[in-house]
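As written, the chains take the letters A, B, C and D, and residue 1 is the first residue of each chain.
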Amino acid sequence: MKKDTVLSVTKSFDIRFSEVDSMGVVWHGNYAKYFEDAREEFGRKYDLGYLMMYDQGFFEPIVELSFKYKRPMIYGMKPEVELIYRPTDAAKIIFDYEIRDAATKEVFVTGHSVQVFMDKVTHQLVLYCPKFYEEWKQRWEVNV
Amino acid sequence: MKKDTVLSVTKSFDIRFSEVDSMGVVWHGNYAKYFEDAREEFGRKYDLGYLMMYDQGFFEPIVELSFKYKRPMIYGMKPEVELIYRPTDAAKIIFDYEIRDAATKEVFVTGHSVQVFMDKVTHQLVLYCPKFYEEWKQRWEVNV
Amino acid sequence: MKKDTVLSVTKSFDIRFSEVDSMGVVWHGNYAKYFEDAREEFGRKYDLGYLMMYDQGFFEPIVELSFKYKRPMIYGMKPEVELIYRPTDAAKIIFDYEIRDAATKEVFVTGHSVQVFMDKVTHQLVLYCPKFYEEWKQRWEVNV
Amino acid sequence: MKKDTVLSVTKSFDIRFSEVDSMGVVWHGNYAKYFEDAREEFGRKYDLGYLMMYDQGFFEPIVELSFKYKRPMIYGMKPEVELIYRPTDAAKIIFDYEIRDAATKEVFVTGHSVQVFMDKVTHQLVLYCPKFYEEWKQRWEVNV
């Protein structure tokens, strides 16, 4: 794997009727769910799931989350979410997101998230990079 | 307190924009939140809160929940939810609900829920009435 | 199609992290979303979607909804929801639901819903069976 | 009103049981609801509500939204949300947010949102400042 290799997942999904607001578009807060779905898909694809990390002694709360809404998404559309892993030296997990029409690739929303590691017992922030995460980076040849 | 005394709470609430669907009315699944708000208010008023019961060794999953939708509820309305405790000999917590316009008392939704007790450690159903619940019934003179 | 033929859909789905409550199980109110997903899948399979019916001049609010919770559903499980159409002479759409483990068929939740027809312009209840619904029943040979 | 006067609202609120995730803390996506509650409160206090603006011919989709999560918020806490209006020459509505413990003022989350104006009929972005918004600014002596 070369330095410029990128870890990413793309997942198509259906909009739920309950996710559409009275303006007829997906309520802006619901995009946090689609982003989370993409993180879970990433976890499955690259073996970095919540339950595995919990078994390793950590959970990974989100400390930063941002959205830029480009176009409204309407019930009946067929969107997909792409998540791109952004390598970092810090004890963080950083992702960029894009939600777009699966067919036309027209972009609806972009986003960004930062997660840190917390000790599952003490609930203290972990400032060093957990060993399992270092090994995970090596396994997937993630270079910063 | 007489046999026909009723334990109940009434709580007014605001409809959230995110709770309204593309038909312009509160999405039917969101009423479960209003019912839960009412149960929490009941727990505060009558000292039967989730955290207290958890400290006593139990949680109280819902095993039955039903709704009858009479009229749609629209963003901007001022509703209230009333919860009525239904005494029972069984190891259960049973409530009836009514959501209505706070001013006109026009009814939007009625409902019913049944909760049982589970041991917080073993996650097993508790078939007997927990001691704290028996004492709570005596304290509030709840007769079946 | 014989009189005892049943219209139904089965759809596997993933539990979202955000759908799990602090007891570690799917929050009871979220099952309304899974039921709705099943209705949408049914609409796609049998050509009875919300948008089609809206074009015909109607929407179909839920007037009754009930749940029986058999076992808790835990993050990481692989569930499926089955929806069964219940024929009726009335101007109603009636469904039964079952959510279960996709592999073991262990049942988590069962449910029932009743929908009526409303005129999309007047927002009045429609007491007769809309023509498109009668034709739909004939097309699928749904006998009461 | 002086140039340095600030329009703001502060609103205490209860955490719903359904808003807490399996880590025992408020799920990060739910803060979008608390922010929206604050915007609605602001709209009521300063006469800038969704329905009023809709009557004027506009809706105000969010185009940017960001969160910084400082500390987890736990079920049973008594939080408050403060919203501060940020004056701008642009045809935008800009808010900063802070969610904190109502008693200790310990900060849980900060945030930022940007809304634009869309024509309710054409659904086109409105690049000029709507007249009602200019008048609203004058009325409240909002200086940029």
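The criterion applied here is as follows: a contact is a pair of C-beta atoms (placed from the backbone, for glycine too) under 8 Å apart; a residue touches a chain by one contact, two chains touch by 3 or more.
Since this is a predicted model, take the numbers as computed values, not measurements.
Between the contact lists of subunit B and subunit D, the overlap consists of A, C. The chain with its Cα centre farthest from the Cα centre of subunit D is C.
In whole angstrom, the spacing between the mean C-alpha positions of subunit A and subunit D is 25.
Subunit C and subunit D have centres, each the mean of its CA atoms, that are 36 Å apart.
The mean-CA centres of subunit A and subunit C are about 30 angstrom from one another, to the nearest whole unit. Contacts with at least two other chains are made by residues 17-18, 23, 29, 32-33, 36, 75 of subunit C.
Listing the residues of subunit C that touch subunit B in their complex gives 23, 25, 28-30, 32-33, 36, 59, 61-70, 72. Residues of subunit C touching subunit A in their complex: 14, 16-18, 32-33, 36-37, 40, 50-51, 75-76. Subunit C makes touch with subunit D in their complex at residues 17-18, 20-24, 27, 29, 75.
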